[in-house]
Amino acid sequence: MSAIVFESVYRYFTRDGKSFPALDGIDLTVADKEVVALVGPSGCGKTTCLRLAAGFEVPTKGRVTVGGQPVNGPGPDRAVVFQQFALFPWKSVEDNIAFGLRNQGASASTRRERVSAIIGLMGLEGYETAYPHQLSGGMQQRVAIARAYVLDPEALLMDEPFGALDAQTRIVMQEELVRIARVNPRTVLFITHAVEEAVYLADRVAVMTRRPGRIKEILDIRGVRTAERWNEHERIEDVMDLESFVHLRTHIWRSLREEKIGAVP
Amino acid sequence: MASSAQRPLSKLETLVLGIIGFATFLGIWLAVSASGYVPRQFLPTPFEVLARASHLLTAPFAGATLPMHLARSLERYAYGVALAAAIGIPLGLAMGWYRWLDDIVTPVFDGLRFIAPIAWVPFAALWFGTGIGGPIMIIFSGAFPPCLISAYRGARFVDGKYIEAAQMLGASNLRTIAEVLLPASFPSIVAGLRVGAGLGWQSLVGAELIVASAGVGYMMVQGQSNISTPTVMAGMLAIGLVGLLIDVALRQMEAFVRRRRGLA
Amino acid sequence: MTLSAPSTASTFPRLRVRPSRRFLLGAASVSVLVAAWVLLTMVTGTLSTNRFPSPPQFWQSARQIMTVGYADATLLGHAVHSTRLVVMGFAVAIAIGVPLGLLMGWSRRAEALINPAFLVIRPIPPLAWIPLAILWLGLGDAAKVMVIFFAAFVPAVINTFAGVRGIEPHVVEAARMLGTGRWRLLTEVLVPAAAPMIFTGLRLSLQASWTTLVAAELVGALAGLGRVLNMAQQDIYPAMVMVGMAAVGVLGWATTRLLAEVERRVMPWLAG
């Protein structure tokens, strides 16, 4: 069972001897194979939440567990997809993807097999020997996702994964992600500024307050998606046109706006 | 496995480690010197060097005290760098602006660039003897390339939008160069000046080692001839210190310019 | 210097310079200089040939040193000698300097410990080591290599350090996330990521090596291009001085090109 659990997580930063709270008591559970989107005003600490789950930072109070184990540093069981891709520019596409497998000691044949499988899944055929700089932003992000997926991680953590892409590529990638999740479901926590993206992709959307961040409310999307049969619509723009979709989106916008008003820069 | 490259150290930790590191360095030096493993003649203790340096502050050696030698060095240095800047910067700007000028000058520059400035010394000696012209020429050849290149790059790679805006606002060619191109290139120019000043200082040392009758480099050569290692080391210290001061001063100026511009 | 700033070129089309025109202008200016050289030395005598050689004198000296030799060896002999010393000093400097830069860049502790000592060494111009080197090691090759070492060492350390510090933080985090062990992190992440800056440092080191070598040989040497220059100056033989300078320039250029080739091959992933 690979759930991500935040148990009363507090995170304080110290600067010049003073303590600033970034997270003010986060309780959140991402259930096994559930997709949860974290949205909130700028600076609310959503990235911090992700980094805590990833193990790049440590909570000041409380703890984060993944699959029942407390998080103790970064690792391939909690694969991260970064906004700026963070691919290794000096490695080819297939070497980038194979890198994590090599660290796990996978044999050459295993690596070849799994890498080519994921390349197929992500639509990267023909680009195996290309270098990142030769690829478009969307392709690079596919490689980043492939690199994460190929490790069969317990949890997938995505930090504004499509933030660096142009609007159209973004939509294509969102559809891609839905397709992949159907083929290969796993526990996902992702952060986004785009509310539509959150509503389209997630099973639940957690809205955070402004800094210091707390969970303001959690909306159940999956229920609505099933009830209103969003999956019957092939195209993203058709789903986003549905009244139930718009209703959810507007609700979240309003919730966020409440947080932004009176926000101190 | 936390990489400490990611985590900045506290000021205290930096200070303590710095002191430990420096003390170790001095300690090793002192130990090797005092033990006599290396003849004292060749490796004086740090204290001996400092003592010699302070002695030279007032007592003359090779014709002048240390401050006087430094003054002579700085004099020719200033001329050389000023000349390099006075020619290099405007020329670089012009080359960046007028493509045809770039095409004319660049081949010549590229051809001469690979001749290490120091290789000009014998030439300078033939031409200027041991007069001031020689060292100035050497310093110039060291300081000139960075001044030229940075001015060129500043002008050449200025954001085209500024020039377009200026034209749209009806500025004449001259005004565009003076009030748009030059200020826009300023950060690059200042950076180049700093590098040029540094290279100029290094070239000066070289020139004085070989062709001079005064200056810190000359003092060091005399020290070497007289097998006075403390003198040589004191000279190195002085040169390093002055070079450092010049660099720090120019860095401050550069930072100031960048801050004013909102670049940093 | 062939990149164009499109706006300036297109908005001020005083001279729309096509590539061939550019080449012509360059060739023209070089030709003008050569013509001036000939004119001023051979025709009008404005430049006294005691101070500035004429082209035939230059050529004659070049032939002399290439065949009969000058200052106890032929041009090739001197060039080989000089190049050998540069390579030795350079190699030792980067063998120590690059790892040191990597260490200081990666570990803030190491940086804090080593920095003070480094700050003492760093501002000392490489040439300022010459008198000390001569005191310690005499006028032979060892002293030259020592000075070259100090000259090449500093840029190597500084640029490697900057290269490591300049690595995009997410790249390192991604590597850690992918479970990378220490050694692999160093060899497959840190070094490649810092490689462009490391090579900048190597280029600077090489430049510094040549400058320092020539200077050291000028001060006193038994062989090498610097010695050629020195003797030619003492013999008041400006043509030979010029030949020496040209040789220095050519060798400097050649080694730099070699390094650029290595750089290109080692880093095939760079754009452009």
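In this document, chain identifiers A, B and C correspond to the written order of the chains, with residue numbering beginning at 1 in each.
Please note the rule applied: contacts are C-beta pairs under 8 Å (C-beta built on N, C-alpha and C of every residue); 3 or more make two chains touch, one makes a residue touch a chain.
A quick note: this is a predicted structure, and the numbers were derived from the prediction, not measured.
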Between the pairs B-C and A-C, the one where more C-beta pairs touch: B-C
Maximum centroid distance from subunit B, chain identifier (CA atoms): A
Distance between chain centroids, defined by C-alpha means - subunit A, subunit B (Å): 50
Averaged-CA centre spacing for the pair subunit C and subunit B, given as whole angstrom: 17
Approximate Å spacing (C-alpha centroids) for the pair subunit A, subunit C: 49
Shared-contact residues (touching 2 or more other chains) in subunit C: 176
Sequence positions of subunit B contacting 2 or more other chains: 1
In subunit A, residues with contacts to at least two other chains: 73
Contact set on subunit A toward subunit C in their complex: 54-56, 73-76, 78-80, 82, 84, 86-91, 99-100, 102-104, 131-134, 147, 151
Contact footprint of subunit C on subunit B as seen in their complex: 1, 3-9, 13-14, 17-22, 24-25, 42, 96-100, 102-108, 111-112, 114-123, 125-127, 152, 156-158, 160-161, 163-164, 167, 173, 201-202, 205-206, 209-210, 217, 220-221, 223-224, 227, 229, 232-233, 235-236, 239-241, 243-244, 247
Partner subunit A, residues of subunit C touching it in the complex: 168, 170-171, 173-181, 184, 188-189, 192-193, 195, 267-271
Subunit C residues within the subunit B interface of the complex: 1, 3-9, 11-12, 14-15, 17, 21-22, 25-30, 33, 51, 105-109, 112-117, 120, 122-132, 134-136, 164-165, 169, 172, 176, 182, 207, 210-211, 214-215, 218-219, 229-230, 232-233, 236, 238, 241-242, 244-246, 248-250, 252-253, 256
